[in-house]
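Heads up, the thing below is written out as structure tokens.
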Amino acid sequence: MAMDSSAAMTPPGDVNREAGRDVILAVNNIEVIYDHVILVLKGVSLEVPRGGVVALLGGNGAGKTTTLKAISNLLRAERGEVTRGSIMFQGERVDRMSPNELVRRGCIQVMEGRHCFGHLTIEENLLTGAFTRRDGAAAIRQDLEKVYGYFPRLRERRKSMAGYTSGGEQQMCAIGRALMSRPTLVLLDEPSMGLAPQIVGEIFEIVKELNASEGVSFLLAEQNTNMALKYATYGYILETGRVVMDGDAEMLRANADVKEFYLGVSEGDRKSFRAVKSYRRRKRWLT
Amino acid sequence: MSNQIIGGPGLFSRRDDSVAKGEPLLTVENVSLRFGGVRAISDVSFDIRKGEVRAIIGPNGAGKTSMLNVINGFYHPQEGRISFRGQTRRRMRPSHAAAQGISRTFQNVALFKGMSTLDNIMAGRTLHMKRGFFWQLWRHGPALDEEIRHRRVVEEIIDFLEIEAVRKTPVGKLPYGLQKRVELGRALAMEPDLLLLDEPMAGMNLEEKEDMCRFILDVNNAFGVTIALIEHDMGVVMDLSDRVVVLEYGRKIADGAPDEVKASQAVIDAYLGVAH
Amino acid sequence: MLYRETGQFKTSYKADMAVFPIRQDRIGLAVILLLAFVATPLFGSAFLLSAVMIPLLVFALAALGLNLLTGYTGQLSLGTAGFMGVGAYACYKLTTFFPEVNLIVWILASGFFSAAVGVLFGLPSLRIKGFYLAVATLAAQFFLQWCFIRIPWLYNNNVSGAIEAPVRTLFGMPITGPHATPELRYLVVLSIVALLTWIASNLVHGRVGRSWMAVRDMDIAAELMGIRLLPTKLLAFAVSSFYCGVAGALMVFLWYGSAEPEVFSISQSFLILFMVIIGGLGSLIGSFFGAALIYGLPIVLKSLFPMLGLSVGAATIEHITFMVVGAMIIGFLIVEPHGLASIWRTIKQKLRVWPFPY
Amino acid sequence: MLYNIFIDPFVQMAGAPDLLVQALWDGLVSGVLYALIALGFVLIFKASGVFNFAQGIMVVFAALTLVGLYEKGVPAYVALALTLVVMFLLAVAVERVVLRPLVNQPDIILFMATFGLTYFLIGFGELVFGGNPKAMITAQLGLPRGVIDVEMLGGRVSFQKIDIAAAVIASIMVAALAVFFQKTRIGRALRAVADSHKAALSVGISLNQIWVIVWFAAGVVALAAGIMWGARSEVSFALEIVALKALPVLVLGGFTSVPGAIVGGLIIGVGEKLGEFYWGPLVGGGIETWLAYFIALAFLLFRPQGLFGEKIIERI
Amino acid sequence: QDGKDANFVPLFTYRTGPFSGSGIPIANGMRDYLEMLNQRDGGIGGAKIVIEECETGYDTKKGLECYEAVKGRNPVMVNPWSTGITLPLIPRAAVDRIPVLSMAYGLSASADGQTFPWIFNPPNTYWDGLSVIIKHIADELGGLDKLKGKKIGYIYLDAGFGKEPIPMFEQFAKDLGFELKLYPVAATDMQNQSSQWLGVRRDKPDYMVMYGWGALNPTAIKEAARINYPMDRFVSIWWPSEDDARSAGPGAKGFRELNWHGVGTDFPVLKDIQKHVIDKGLSKVAKGKEGEVLYNRGVYNSMLIAEGIRNAQKLTGKKAVTGEDVRRGLEAINLTPERLKELGMEGFTDPLKLSCADHNGHGAAFVQEWDGQKYVKIGGPIKPMEDKVGPVAAAAAKDYVEKNAGWPKRTEACDSK
């Protein structure tokens, strides 16, 4: 996407932010309820600058996945609902749109837990990612090659049914599939889960490269805080449905709590997993 | 400290000591497994000694999960033999493996989605419940007594894993990390001799990983349950395991103590990418 | 306020493991039982008893049986009517062979025959799953119905090809045949249904029920945990068919009074399956809700039109009834895909947190 | 006894080869007709994972609309076109009212929803067109009538022209659909949707559009089936029952396979005709009602996903 | 029901479902005749007739539901219009004191009024019908003895109704020395009969007899035409309609069935219906369908209802009568030629007399043939073979009583002398 959208297109609610910053995604104070009774998000706000890589951190059940699904409008398929707040993507309100329209506009999600099409081959899986594209078979072919370039293992397994491939192979497939849609914003939910360390590194390199060379923005929900904060420019920490802390990646990395709870370094040293005690310190932001 | 928490009378009373600590509990000999043209495992041999934490690592698609599937009888290898507690076999049914004392967790959480946490873990005790169908019809009396006995054990596990709060929640609605914990609970409820863990820490943040490590160590130390662990987090693997076997494309490329393995150039090339 | 569990602490696992751990639920159950056993027979009209309540209970029992198989064990069956037929014909043969034995005994005994047949047709479930398994039960459905038509021995060579319930008594009062009062028939049906519901509840809350649900939710994992699939599934087939068989016997003996094979047709099987689904898969109470909805709704609608003063032909009423029932089924599913039982749960949940929305 | 079961039928076959040929032909024709109904099921199942209980009634509804319009004085071809429009509207309505709110629900729930749809369509169809059976307007549609009698094998074998037409139409449809599913972008998307609604949504496949397409396609197939079955007997709500015959075909061929529908149809058609004809009399006849299911069952024991169905993936 | 001077007549009909093709004309005929009485005479004997249809879809379950719904409202009788629904009603009739009029269907043995005081199935039973068909065939061949060595095929709905005549048929086969071939058609296969007709091609029966209903009839006629079965040797019981034959096209010409009443509208009673009901827009009958076989069958049925009520009124002197009264009224039915004339049914049907012992009349039937446009009567009336049917029926009645231990002895008084 060209950089033609200017500051004028940013939503008015943004004026208190640094003026002139180009925001591709703005989530304003959303509340999400599942099954009409389970309140999961209690007013979450965040934004992703154009060309930014933003990390969404937080423990189990904090609501990261829910936030991403609210953005990509996949909530309705799980009987969840955004009951308050708004979501703007490229200056447009998108919370009533179908996921399809959103993908068409360049926002795609890689779901947690892979969700490949088990009965389609790896290659067919990748091709479905290009469903919304209208730029011809040649271009799609080219991108397919690119994805194979990123994940050589997928090329080897291209004719296998995705359902039979290993967990990590499926994860690569899911990411590759999303890239096939030529997105401007990718919502990555736990991309590193189940991947070998080497591949995790590669995936983050890919994120970096796409971000740098094609200006793709990323919002990543990640448990691998170490990696996430290394590659992200900005981070939000979510706990039980609320944003409890946000700031530049550097700043977060420097924060003592983040260090202890998310990075596993206290007093400068990495501690051994063997040495863990069951004793827990309260997080300061919870008090 | 922790062994007091779970040191109740019920849990792990069925200790089998036919294999001494440090002796091989399970040996895998020359196992090969093919799916059509795909060679998932080729000619792999290793052993798991009683009481140790044995890690299996390797790049994605190396055949780690398949190895576990072979061990507990879900896949039948075309070649090779497996012996558990000295008994050698070519193929057996998964339920048979379970009865022998092998239990496991799964890479893609395989909980019983429609049931509560409690029921899931109770289901893990099925093998230990003896009251027959006709007692069940009339739930009161012996069947209920038995049920209550097992409930005690299950509650101990629940306490141990710190999942008291979600005892009655349907597991489908739990966040991923808790689901993994429940799954561990279910596997523990079987009182296994050998516990197979398939990426138990995937998708967890550091804090949760720490918890999980503690549980695993406790299970291993306090009850002498032998553990086979697949994990991609090198920190965890190096810290927890006694010995590591490394697979690549179905072949074994290294086997040894964590430090040796970490230093092996083959492993760095195939898996780690950079030296850790 | 009315529905609070606050203050109700469980001091033993036994109390916590009761089927209704909350006091209000237990009171509710008592009230319902009282209504069913006392008020309904006392004040209900003959029409209510014999054309609404008895059929409803019979269907609820069959639905319950199917729910054990499909809802709890995850094995889709389209042979329910066939298994009901086995129960009915078995009971007919038994009671005409041994007229001295009390009918109730035979009604319960006939369940064992359908259980046996159920197990037989459940055997393929080891290999075949999901919608594909439906074909095994469909084979049962059509084959059994064919037997009911083609084997005259089953219907004692009656010229009509139908089985007719002979007069049988309980405590000297007729419970079958034209002289049986609706009240008595209703009470007999109700008692059997209540007993079997209680037993089903025992089963599903114990080890057996857990293994069933485990097989349903993730059969591979269940197997890896030592639950043997085939025996578990077959047990579900047996118990389920037992219930269906008893329901079939009740249907012929205490409701229709006689039956031709067509009664046990595939459409009946579907109807019961739909009762189970709309009532709530894996919910005992849902079976009752489902039966009430699918069987009761058309009756209510049909009596509604004349009440509205609309004078439309019987056929038009039928058409409109069909349309409305169809639309309502879809509506219910949209509101709550997991069935009426789930709506019920949500209501309770809301009551619990009331006056807060969540 | 053994003779009657194992020898006599074959003696009969050899004794009257013309009848054997006729039986085979009749079986093939029934098979094609079953396949036409099964095809509608397959389309919807393959493309959305929905087991469409309403397919039978859609067959009736399509045929009824066609004939009903004709009876109201609309010329046959115009009626045909209008019926297609009606089927399209039906597809749109189903997508809007039934499928969209139920996206990502378990299969069995969607199955139940199509049962609701069945009830609705029965009521609606009868309300609009009346419950009385109608004759199919075979001649007016320009479909061939009459028989071709061939003297052969010392007897006479007759081929109905309409049956030949049915076979031709069915083959064209099957070929076209098979190519569509396997080779096109939309076809791939359809299969993706059947695999997982959620994942399909996440990659931006428009379920709404897809569902309208397949339901319309199923409507067209239903119309074809309705015309052919209607020509055989009459257009009435009794036809709905015939749809049950598509079930074993479906199971045998595999729920997800277009060619499976036709191959399954032929196997079932021929199997049940020969079975009924040669073995049926031994047990009093009428075995056709269940024979098809046993044939399907026998095949399933060897291939649990049907002959051509997608493999059931079991992995942990 | 509706004041004291009204009689409640519930009609169990089916205008929907797989059998609606047969059900609709019947329902129209029944309804229109009664409506005509209401319009023309203000009811029967000064008491209005309250007509109410209940939709059964030919489904036994729904039929019983209808029965339960009406039985508390003092219906004068019920007309189940399905053998399947009739059977379970037989034992209940005596208890609920509601007569069952199963006109020429239901249990053949129930013609015996001594055993079944509450069941009426005039003017013929299915067994009578069968014997008439056999006689007709014998006439064609030139004598009953000519049946020896012949082959007769029987195609039937594989349900209570179609199986009813089989024991009788077998008896005939034995007595007359012909071979009987059975071709059952399951309800689910009504529209899919190619195997049965392939069997017919193989067995080459000399005659085909059909007991069909709903979609079975048109399909069978079509299939017969397809295999070029000689239509004039294809004889059906009295249920196929014009539509059933028409949809098979020209190939159906020559198809035969039994009947015992006129077709067409050339009878005063139909003129009255035209005038008082159809012309006033009170009927649902489609244009041109009045006067067809099943429509007139419905009219005939309603005439019996009306006669029953009328007789009951005469016997009791009441205007609004009960089921009990109507039972007596039905036993007193005596359709003499004069009475038929009064009813506007001269030439429409033959005289009929019922009694306490005979609830059927076992009247004559005739054969009619499809000429491509309409049914035309061929040959004269044929009486059932009383000598053959009678004993079998008596035995069946006895058997029924034995199987239903405690079957009540007739206590109902008898009015007819």
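We call the chains A, B, C, D and E, going by the order they appear; numbering starts again at 1 in every chain.
What we mean here is this: contacts are C-beta pairs under 8 Å (C-beta built on N, C-alpha and C of every residue); 3 or more make two chains touch, one makes a residue touch a chain.
Quick caveat: nothing in here was measured; it's all calculated off a predicted structure.
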Chain hops separating subunit E from subunit B, counting only touching neighbours: 2
Set of chains adjacent to subunit C and to subunit E: D
Of A-B and A-C, pair with higher C-beta contact tally: A-B
Chain separated most widely from subunit A, comparing mean CA positions: E
Distance between the centres, which are taken as Cα means, of subunit D and subunit B, whole angstrom: 48
CA centroid of subunit A to CA centroid of subunit D, Å: 45
Rounded Å distance between subunit D and subunit E, as computed from the means of their C-alpha atoms: 36
CA centroid of subunit C to CA centroid of subunit D, Å: 32
Overlap residues in subunit E, where contacts from two or more other chains coincide: 15-16, 158, 184, 186-188
Numbers and ranges of subunit A residues touching at least 2 other chains: 38, 164
Subunit D, residues touching no fewer than two other chains: 122, 126, 131, 244, 284, 286, 289, 316
Touching residues on subunit B, where the partner in the complex is subunit A: 1-2, 35, 38, 58-62, 65, 107-108, 173-178, 199, 202-211, 213-214, 217, 232-236, 239-240, 271-274, 276
List of subunit D residues in touch with subunit C within their complex: 51, 53, 97-98, 101-102, 105-109, 111-113, 115-124, 126-127, 131, 244, 247-248, 251, 255, 283-284, 286-287, 289-290, 293-294, 296-297, 300-301, 304-306, 309, 312, 314, 316
Subunit E contact footprint on subunit D (complex, rising order): 12, 16, 19, 22-23, 26, 29-30, 122, 126, 130-133, 135, 145, 147, 158, 160, 229, 232-234, 236-242, 244-245, 272-273, 276-277, 280-281, 284-286, 288-289
Interface residues, subunit B side, partner subunit C - complex: 72-74, 93-95, 97-99, 103-104, 106, 110-115, 119, 122-124, 126-127, 129, 131, 133, 136-139, 143-144, 147-148, 151-152, 155, 186, 190
Residues of subunit A touching subunit B in the complex: 34, 38, 57-62, 112-113, 153, 157, 160, 164-169, 171-172, 190, 193-202, 223, 225, 261-264, 270, 272-274, 276-278
